[in-house]
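Next come the structures, one after another.
Next, two complexes with chain A in common: one pairs it with chain B, the other with chain C.
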Partner chain A sequence: MAEETQTEAPAVVETMVVKVDGREVEVPKLTEDWQGNLVPTTVLQACKHAGNEIPHYCYHPKLPVAGNCRMCLVHVGMPGRLGPDGKPPTNEDGSLKIDPMVLPYERQTPKGVIGCATNLVPGMEIYASSPETKQMREAVLESLLINHPLDCPICDQAGECKLQEYSSEHGQSESSFAEYKVHKPKKVNLGPRIILDAERCVLCTRCIRFSRDIADDDALGIVNRGSYNTISTFLDTPFDNNYTLNTVDLCPVGALTSKDFRFQMRVWFLKETRSLCSSCGTGCNTLIGSRENTMYRYEPRENNAVNGPWMCDSGRLNYKWIGREDRLSEVTGASGWATAIIEISAKLEEAQPGSVAIIGGARQTNEELYLLKKLANKLEAITDSAPRSGQGDNLLCCPDKNPNSAGSRLIGIANEDLGSRFAEIAQGIEAGTITSLIVFGDDVTKHGIDETLLDKLDLLVVSDILPNATTSKAHYLLPGCAHTEKRGTFTSVKGQVQKFMKALDGPGNARPEWEFLHELAENTTGQNGFSTIEGLFNQMAEEVEAFKDKELTWASLGNEGVTVEI
Partner chain B sequence: MAKEVQRVKLSLWERLFFPTLINGFKVTLGHFLSFKKSKVYEHKNKTNKFKTTLNYPEELWSVPEGFRGAPYLVNDQDGSTKCVSCQLCEFVCPPKAIRITPPGIDGEDAHREGAEKMPEDFEINMLRCIFCGFCEEVCPEQAIFLAKDYYEGYNEKLMNRDYALTGSNREEMVFHKDKLLERGGTHHDRIKKWEKKTQDAKEQESFPVTMAEKNIND
Partner chain C sequence: MCPTIVNNVETLCNVKHIVEMGAEQYTKLGTPNNTGTRLISLSGDVKQPGYFEIETGKVTLGELIYDENFGGGVRDGNGLQAIIPGGSSSKVLRAGETFPIGEDEVDLLDVPYDFDTLMKIGTMSGSGAIIVIDDSRNIVECLANLAEFYAHESCGQCTPCREGSLWMNKALHRMTHGGARTEDAEYLLHIAQNIQGRTVCAFGEACSWPVLSFVNKFKHEFEAKSLNTTDKETASTP
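This part shows the complex of A and B:
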């Protein structure tokens, strides 16, 4: 969506000048709305351009504007009404006369407008930091806090809560509300992954708009009247689509919280690391929240070329395996890494050309697949990656459940049809022409190379993260790292080459695959490589056609990645 | 340039250690023969007018006002754990002596209705603790206090409290939740905010459309 509008947008952006806090700011006349259509720029966006962010709850750049929280009230000055001559009133020096807005029936009282839904008018003055605006904010915030339970010590949102942030900026230490608070339902099971605390809700309806307009599952609504207003699902319909956890991110307060993250860790302890989701080929950008080598959550990271600010629940909750007890952590078949690498290199050097097959799983990074390809070229080996498929949908989920099948194709490990060479490899082993097999990150017994065939091999080198039938047969087992434990790049199904950073340390003696593959490739091929991920990526980018066309470097990938031709 | 300090040249007599030794004995003897009472031990020494020392540990030092002893968790008057595991003390602790294990979604229900949350474990490493009192200051629930109890007589159990913080190995000096609660004792909670909140909610006229039947505990 975003890409289309970028190409359609006129080359020269029309701008207009407005005053924010007495300072003239040039802002574009039109701005993209949540669907990517160009609509008139609003007061809130103009203030953002001016570097003065107006507090808001219900407004979200990727959701339709509702304008119901009133937090973004600002005092503005408008040009006067057109006179009898058809011209707006002017000052004595001929400049446009700007009148601060006042209530029509009470001309001494300033009148605010909601920043999120008020379009800019040429000549407009926005008093974003004036005492009038501040007073409006304080009043709105006080009214939002009327029924708030003030239970920050037990609330999971504490630390990333807009209500807390704005209270410390614009709030008052005491409430002038003397009556009893309305008590609303707490700990409501809204769906399989969501808990609602209705007392904390400020009724911004972000969750309702998200479910209705983005997730296309109109499951939520507001029931009851007045101060009994409550978010609810319809009757007993559970709120269980695959995107529900995005409402937790959207919720500016602690009303909607994640069951998975409930009472697990306070957010201020979490270290954020830029990463990617490895659950399918979409390659959603994520932030890993970890503390002391334990991962607590995934959060989506905004990247409009890939996932926008969203990610699916299945991907978001697919991180528990990283901390599993049975993770492979020791080298088997040799006394340690050094001897294992030397022994394997020696055996590969002796191998007849064509007698080696290499399976490079499409869960490995581009760099690792590139090193495997280097090995394969030297050994004239046959290579492939195992396919993984599952359910996809129209929003983010991709039917290809490998995070890097596009990378595997581009680097030349697999052809267009992943897994098509497995039969050939099985025949080769059966016939005795293939005597050595190197497997990275795939269980080949599930793809036609069963255990009896594995027994026939002279050399079986396996690197994986979790134990499976193939790892139990390995002559040399090299424990690898999950993508959260190393750096590297994935290529998404749409050709987006994106990098991810290291958040955790691998278990035991596990090492990132590219590190020991680099040593193996250097020993076997006799060519020097790069022992840093940056150097390795840059070297790969010069040798792989698709990457070379875009002149990729590790630095040029940035945080959002670069799209290559696939 | 560094400033050169001129050292005082000592005479031979001063360089011998005997004079200082004799000076030291003089101080000891002075105290031994002293008829003045020490102000610090005044309270304990009512019975013995001339005593300037304490028979520790049989006699205990009276802890002055504002003394910052070891931090302990407290129960309220109903015997419920007050801590709600907000982890602010863990965050504010300068030497990182506090470590809280949050309950997670399957954790034990909080003792007090409405408080929702209670720590699964609460560790304070007393070897790391610097007794700064930040934890007491930051606590939004008044659940942790630096002990400064005044002792009436000798009590073997109480001996382990505040200034007599002892242990024979490192593990013993890491106090867990149960030990901290036992030593912290009871704090009289005048506000009882969670109880008040729950009470208010119960007294409220019925809520129009409730979703109570879908409560998470069911």
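This part shows the complex of A and C:
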């Protein structure tokens, strides 16, 4: 088959064999570091290959290694020093002699190495579950807990706290600590979105490294010495870049909490739904945390082709509109959905070719834009999407604030320059050649089609989520759903076609747009479509060139999406 | 930023000799494998504390403390209780201890002051700072003093030293302020054993070795601290 000849032979990965808990494991010699460079594989990574997760606080695969928490201490055996013959010492049978590491000044005491920063050595034996390793972990956990406030019942991190998890997996139930605890600042306002409880902090410095090395804002540091170490901003300079909330995700304990989320919900009650951020064209992968039809938070979901494990603060906090009181929730212009769809269908059937214009907002899903395009083809309608632009940056924020501009272009709703056909549509309405307008998810009054022009129309069908100047003029208003309330796909500015799942129900009688668009398209075009999102996507993938090239199917998108040519 | 080197006085002193004498002549000073000179900083309970330059290994600990050219003896006619031989992080030596060196059982005071011998007897020559402790001192209070210094010096970068150094300090503060318990000797050893060899830098050893050696070599004094009623009177509320 043609594809097979195009497929490159997989790169040969050089491997080496190490022993983990007495079992030989073949692991790659090199592994990607936090910047994606290939560097020697570490003990911690080798253990992960072996299915043995070494506990750790300061280590994070996407941050530079610090080696300070000592939680990943593990007892290992090493080959001896090379002899005068240049060869390492061997056993009687000729095999490599491996000596469990001991303190050089106290040879009866085992010595551990930190798994995060110790490279593999051929022949190395890693005693990942030995009593020696276990004792080292118990000691580090005991040290971390002696000054910890143990306030889990009122801590937001409880339920997703590494201190809790490791304590129960690797710790002891009792401590010999008989002194007074160190008291440190609590409820520290680090910046507009972050609160620090310094007593809960384990001083892993992940937040410092993230801010310095990823967000390029060297805003955090440690003040005071020894046990009094405290994370701090520089004097009163607030911690206020657009990525600060990632430090809340990175914080393995409850030291850094989000002002938006703290005290709102116990994490174990949250339902997690795979979704996307809709605030710009980057398409950061997210997890929605919701309970009883209320959304409580967005968290970034790792996708190395898109956002890595991060997302920006503005995108993360841009969800309150979903639960707004003034959400559109009822059909207007008809007694309900059934009559509205029948009446609109009938009017569109009567429309003269070329007399209809369709605005498909680039916040609609690929599937919805595809159905609008089908309608447009039948009606010979002119189409466009409204542009939304804003500030971008070098990390994740894209200046295109539409989540699906690329989809709108690929499907053929907009051309390269979003909004470039609005003037032509305005002229058509003015001249009376365009008498019907269908608007999905855009406020056209902000793009040169003002209220007086809208008054001239014989038919104005509007679907949206929140009220605006266009919805107030609608002859038929069809309440739609936020992307958190339906399934679908967006195409990012880089061409990643990614799907999102439904976390919430829409308000009142609001319906996912693809559902009623499917009915409208079926009535108008006479073509029988699919009534499931999977079928609809697969049908679209057959017809949209860029999707067809990659043989996209709903299933093949997986959790991380597929990149298409844009 | 320019690279900066900060030299010990001892290094500068060595360099002067080496330049003046030439390396070959210089290495004829001292003893085999422990060549050249050392600067000794003698402090604590001696009559003549001060700096002395010696040929490495040519002078014994006893001479350094009692010889008129060096310490001139323990102050106020007191007896010797202990020697910290190489800076406050080196392991303490107890008066009257003997060590097997070669064929002989050597008394503490006859131990030559060099690198190899001090290593052999379980401590180190380290910085060359010898602290002499006489028998009027309470040994628990001496260790409390050291622990306070190390708790204050710990930078806090890594967990065992950051938490452990202050933990030991708090325990010793409690012990010297009327709150000692008989189990505190074992308690201190438990803390110190979980620091040495597990830290980013050698400060882990530096703060735990005094505790390990003081408690091991003076266990009875540490256990007896809880019985000392005069301490209770000076107890302060933490």
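The working rule: the second predicted complex is superposed on the first by the 556 of 566 C-alpha atoms of A that agree within 3 Å, B and C clash if a C-alpha of one lies under 4 Å from a C-alpha of the other, contacts with A are read in each partner's own complex, and residues count from 1 in each chain.
Note that in this section a contact is a pair of C-beta atoms (placed from the backbone, for glycine too) under 8 Å apart; a residue touches a chain by one contact, two chains touch by 3 or more.
Because the structure is predicted, anything quoted here is derived from the model rather than measured.
Asker: Mind checking chain B and chain C on superposed chain A, clash or fit?
Answerer: fit
Asker: Who does A:F263 touch here: chain B (first), chain C (second), both, or neither?
Answerer: first
Asker: Looking at A:N189 after the superposition, I want to know if it touches chain B, chain C, both of them or none. Which is it: first, second, both, neither?
Answerer: Touch status of A:N189: first partner only.
Asker: Classify the contacts of A:F177 with the two partner chains as first (chain B alone), second (chain C alone), both, or neither.
Answerer: So A:F177 only meets chain C here.
Asker: Can A:L73 be said to touch chain B (first), chain C (second), both, or neither?
Answerer: It touches chain C, and chain B stays clear.
Asker: Once chain A of both complexes is superposed, is A:N147 in touch with chain B (first), chain C (second), both, or neither?
Answerer: Second partner only.
Asker: Touching A:L103 in the superposition: chain B (first), chain C (second), both, neither?
Answerer: Touch status of A:L103: second partner only.
Asker: For the overlay on chain A, what angle lies at chain A between chain B and chain C, C-alpha centres, nearest 10°?
Answerer: Approximately 80 degrees at the chain A centre.
Asker: Counting only touches as set out at the top, which of chain B and chain C does A:L203 meet: first, second, both, neither?
Answerer: second
Asker: Quick check: superposed on A, how many Å separate the nearest Cα atoms of chain B and chain C?
Answerer: Between chain B and chain C, the shortest C-alpha distance works out to 8 Å.
Asker: Find the residues of chain A that appear in the contact set with chain B and again in the contact set with chain C.
Answerer: The overlap between the chain B and chain C interfaces on chain A comprises residues 180, 182, 224-225, 228.
Asker: Help me check something: in the complex, which residues belonging to chain B touch chain A?
Answerer: For chain B paired with chain A, touching residues are 84-88, 90-91, 102-105, 107, 115-117, 140-141, 197, 200-201, 204, 207-212, 214-218.
Asker: Of all residues in chain A, which touch chain B in the complex?
Answerer: The touching residues are 149, 151-154, 158, 180-190, 195-196, 223-225, 228, 230, 232, 236, 259-260, 262-266, 268-269.
Asker: Can you check the complex and tell me which residues of chain A touch chain C?
Answerer: Against chain C, the touching part of chain A is residues 67-71, 73, 103, 105-106, 109, 111-112, 136, 139-140, 142-144, 146-147, 176-180, 182, 202-203, 222, 224-229.
Asker: Considering the complex alone, what residue numbers of chain C touch chain A?
Answerer: So the residues of chain C touching chain A come out as 151-160, 162-167, 170-171, 174, 181, 187, 190, 193-194, 196-200, 205, 238.
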